[in-house]
Amino acid sequence: MNQDYGDNILTLEDVHTYYENIHALKGITCTVPKGSIVCLIGANGAGKTTTLLTISGVERARRGRILFEGQNIETLPPEKIAALGIAQSPEGRQIFSRMSVMENLEMGAYLRKDKEGIQQDMEWVFSLFPVLKDRYRQKGGTLSGGEQQMLAIGRALMQQPKLLLLDEPSLGLAPKIIERIFETIQEINKNGMTIFLVEQNAHMALTTSDIGYVMETGRIVLEDDASALLENKEVQKAYLGE
Amino acid sequence: MKKLALLTLSLVLALGIGTAAGKELKIGTLSPLTGPYAQDGTDIKQGVITAVDAFSPVKGFDNVEVLPGDSACDGGKATMAANKLINSGVDVVVGAYCSSATEPAQIPLMDAGVVQITPGSTAERLTHKGYDHFFRMPPRDDVQAWSTVEFLTKKQGVKTIALIDDKQTYTAGLTENIRKFAEDNGNLEIVAHEHITPGDSDFTAVLTKLKRISPDVIYMAVYQPEGSKMIQQARKLDVDATFMTEDAVFHPKFLEVAGSAAEGVYLTFAKAPETPERKAFEEMYKKKWNVDSIGSYAYYAYDAAMVALKAAEKCGCTDAETLSKTIRGTTWEGVSGEIKFDEKGDRELAHIIWVVKDNQFVPYWDPITGKDL
Amino acid sequence: MDFSAFILQQMVNALFLGSIYALIALGYTMVYGIIELINFAHGELFTAGAFIGVIVLSGLQQIGWVETHFVLTLFIVFGLAMAYVAVLGVALEHVAYRPLRNASRLSALLSALGMSIFLSNGMMLSQGVSDRAYPQVFGLESIDFFGAMISHSQVFIILLAFVLMVGLQFFVHRTRLGKAMRATAQNRTIARMLGINIDQTIRITFMIGPALGAAAGVMVGLYYGAVRFDMGFIFMIKAFAAAILGGIGSIPGAVLGGLIIGGIEVAWAAFLPSAWKDVTTFTVLILVLYLKPSGLLGESEADLRV
Amino acid sequence: MLGQEIKKLVIYTIFLAIIILPMLGFTGGAEFQAERAFLVFGIGVALLVLNLIVKVIRSHRPPPDHDKPSLPERIGDRLHRIPKIFTLGPLLLAAGTFPLVANNYMIDVGITCLIYVCLGLGLNIVVGLCGLLDLGYIAFYAVGAYSYSLLNLTYGFSFWAALPIGVVLGMICGCIIGYPTLKMRGDYLAIVTLGFGEIIRLVLNNWDDLTAGPNGLFGMKRPPLYYPTIEDGGLDMVTYYLTSLPGLFYFILVIAILIIIGVNRLDKSRIGRAWIAIREDEVAAELSGVPTTWLKLLAYAMGAGFASVAGAFFAAKLSYVNPNFFLFMESCIVLSIVVLGGIGSIPGIIIAGFILIAVPEVFRELEAFRMLAFGAIMTTMMIIRPEGLIPASRKKREFHRQRDEAERGPQ
């Protein structure tokens, strides 16, 4: 946990996003330092997923700025943002259910041309999630929930991103698998990838992360080192069930 | 209520008459200018315009105007178009083409006292309703069916026939009549009666079915587009039967599309008199519309307009009563032969049998005289 | 004609008609798969292909290539017709469908319907209301195959249709673009997040689908001998039924659906009162959809949404 | 900005050339008919340039305020706000006096418009309120027309006696069509209803013994009116057949007004709200206790019933029916009326009905160009105003949100 925080890979400044007339994000400001794991916790409907979708360009910020490596990306379409090096493993896994595991991973590497690099990364994903290797010819839709989650993360990794956005990787999974996934997240981070994590499982998220943000109804209400948040009384009461 | 209706009616009539005065002859056309039968519909319109060009100026009239109407082969649209023509003060309407448009258009036209001459509708009942101002240029379905059966039994001496129609008013009426005449005749057995869908292209299933039954004659009661495709498929399937068809297929397009497959097909169509008038019309039509060939309905439409123009010239009138009497009481020399109407409004005209030879329609046999041509 | 030859002949008839339906249905299925829009103008694109085919073929016949370079002539005819319709398809997508990509289903449907009316009448105004005859380059000769007559053009057309279908399957499953197309069809948002330019993929879909339709148009012209501005409609309805019967969005489904619709039509006309042929086709379609709402090879609704 | 637009213009021009020149140039023989092809091409390029100029001028103006409603919307809002008596009164007066000033042709067109308005209002229940796409709606019109014709010709039923039977038959057909489609959604529904529409037409065409097949039925009586008179000292009922066009116009006008009132009532009733709930979210509606199956069937039946009324009137007016009057294209036109008018909006449907039927009549001289323009306008309308001419207030927002998203998409 002794990483260089000075260089922020991602910065959000006063970002507002609307769904129709619903003001979903009411001025989000946060930073993700390079090489860190940052987590965003909060209750259902707080706006966590919207934050990630806004970063990826799927939802549009009506106001505010989003900087990725110093470049404004809030007006770019999702495919351009992806090309800059932001990958997302979306909520609810959303893999291509009618494509094989192999094809799903290949689609992750859609923008890449380096055949060897792709092959290497594929091996790497398979080493992270050996179960995917066993099923690489199977259709995505036939995998179990945990396997689909692994596939979604694997697919995002195949993009060789600089910043990996993970939306609720623990959702609906058995505790054992959750542990396995969070172990992997740390492993990925050790390889130098910055990770921005959104979780409801606050305990798991905060123990894994370097920095934590707490969201409530479209606003960030708390930010601190993850370890500090774990000790925070309010956080404990509201999110850690203690 | 009755009073109110009468009041409105008289008001409307007063408004309508206001526009109809003047020494002008107005000829309306009703034919499908849009939709699948637009080809024949356009031929009709062009035939009428050609006639007006040929016979203007008409003595006793300052001007002759042609008002084209689109019947779209649809009852509702046909009455609207007919009413529109009535309101523009037409004296004569040449149309409509589809019986399903002619029939509903008859009502307002006859009510308004307009002379109607159809260049294409052959359903018998159109002239059996007691309308005095309704005339028909082509021979009726039953006349055509009679000619066909005569030819097949007397000239060809065949025993079995298979019928194909596309379930349209015209084609179904025709096969029904052939059935009737064949049953009366007793020597011609109908071994199959198949139906196709108008607009379809593939008739191989039905043709294969008939090939197995192997009748002496296959009678195609369809329109030209289906007819040209059907004959080609029949040749490719090597169907060993004589093919016979009717006047809706009698169109230069049939020869063009079917090509060598059309060879030896018999058709029923009115006699084409070798008169200088016909030659002159053909030349004029081809030049005016920049075409190489003339659709068969253009002849009837030309004749219909010609009769109307000459009758108006002769009586110097535009009222339906006198005009109809003049039309009925005179024998006209038309490009489709002699035109003489009976009291119902039908022409005393019979079909002759044609055959396709060297990619040309050639007269073959006359059912009335029973002689080769 | 004995019974076995009769059956064989009807099977050939069904296979031929079914292949044409299948080829047109592929265009529907591809477009539907990717933007969930019934491309009502597909029938007109098919007709446009047939028109370009006859224009090119007549031209080449005039300079005598049909006799001297027969294979090359066919290659050029199919190539140009498909290329033309691909351009038309892209233009259509850009003008009429792209602005409505996120609008309601009905608006998109009506926009497509409007384009269908526009193109059909445009072709009527430019190419005339009557049939345009196709030069009969294959002649009327047939091969006697155990009593069934198969014409040269049929052999060629069935083979070409088969090649095109296999080619499409290869493209969609083996190439990077083809896979991107499938990904876009399954989840547009995720596809964009992975860096896929969905505008480009949709454009390519609108090239390939209509181009296949154009090929079918040229085939219809070559075999049936004529093309007319409104011939697309009846093929459209049948191919549309085929695409849905097979499970819309599924490429093997479209092929299967086409063959089944062709088969039903031929079988019914061959053995039963032919007037009820179309009634039967639609009844079978409705029954299949009632019993298996997603079509024969389609994925279930829930699956499609993932 | 300008450079980009010019680049686009060049690309569009190339596309236009590829599309137009061969199709319009080689129309008959092998020689290229340059004059016509280049004329149309020139018009196309001129339109593109005009478009560019408009765009450039627009870009120099401040961007439009998204929250401010557009002009037609404001008109729509105004219309909703004005007390009904002030809008309906003059409208009714205008409709009532129309036959007195118009000629027969105009009245005939007016009658046709009203028939289509009735059809549009009926289809609106199915498509607009309940959200079920129906491409075979014209079949019910056919059922109404044929049931009146057959009852009148075979059994001598008067219009009034045949009408309820026709409506019931139409509703039964609606249920028959509705039942298998209950589980289906969206586009499957489209093909199934299309198929049913075709089946009904083909049955009418093929069942020669009953319907006289393609010959059609003719000679039906016009709708009668009865009024009492005192003749020979006793009270007597006199039958008066509505044969004149103005009479028929008033008749269909009354039918249309009754249908408008009926649909308006339905729209605001519990059933109407339940339909809208189904349209918006069927699963949620079902979970909150809305009997969706029953209500969807009811929507089909109601829609079919209204179409039957229109059909019976059509048959009585024309005195002739033929299966070919009920082609797929007619269903498309009715659907266009509903969508162009604004899904779920009653005034919109009335206006669209008149525009779609009467305006093409005006341009009937232009024949094929008329349909060409019809197609082009339909597409253009959908692109610039997908919510219809006069959007129903509920629906308006939804359309615009989706459009914003579409605009923001990558270029």
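As written, the chains take the letters A, B, C and D, and residue 1 is the first residue of each chain.
As a convention for this text, a residue touches a chain if its C-beta (ideal position, glycine included) is under 8 Å from a C-beta of that chain, and two chains touch if they have at least 3 such contacts.
For clarity, every value in this text was computed on a predicted model and none was experimentally measured.
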- Query: Which neighbours does chain B have in common with chain C?
  - Reply: D
- Query: Of all the other chains, whose mean CA position lies farthest from chain A?
  - Reply: B
- Query: How big is the gap, in whole Å, between where the Cα atoms of chain A centre and where those of chain C centre?
  - Reply: 43
- Item | Approximate Å spacing (C-alpha centroids) for the pair chain B, chain D | 34
- Distance in whole angstrom between the CA centres of chain C and chain D is 29
- Distance in whole angstrom between the CA centres of chain A and chain D is 49
- Note on the structure: Multi-chain contacts in chain B, i.e. residues touching at least two other chains, fall at 34, 38, 167, 195
- Message: Please output the residue numbers of chain A that touch at least 2 other chains, ranges allowed.
- Response: 77, 79
- Message: At least two partner chains per residue is the criterion; list those residues in chain D.
- Response: 206, 368, 371, 409-410
- In the complex, chain C residues that touch chain D: 32, 36, 38, 48, 51-52, 55, 58-59, 62, 84, 87-88, 90-91, 95-96, 99-111, 113-128, 197, 199, 237, 240-241, 244, 248, 275-276, 278-279, 282-283, 285-286, 289-290, 293, 295, 301
- Message: For the complex, give me every residue of chain A touching chain C.
- Response: 56-58, 77-79, 82-83, 87-88, 90, 94-99, 103, 106-108, 110-111, 141, 155, 159
- Message: For a test of understanding, state which residues of chain B touch chain D in their complex under the given definition.
- Response: 1-2, 5, 8-9, 11-12, 15-16, 33-34, 38, 68-70, 73-76, 79-81, 83-84, 86-87, 98, 100, 103-104, 107-108, 112, 123, 125, 167-169, 171-173, 195
- Note on the structure: Listed in rising order, the residues of chain D that touch chain C in the complex are 15, 18-19, 22-24, 26-30, 127, 133, 180, 183-188, 190-192, 194-196, 198-199, 202-203, 206, 328, 332, 335-336, 339-340, 343, 368-369, 371-372, 374-383, 386, 398-399, 402-403, 405-406, 409-410
- Task: Would you pull the chain C residues touching chain A in the complex into a rising list?
- Result: 176, 179-180, 182-183, 186-187, 189-198, 299, 303, 306
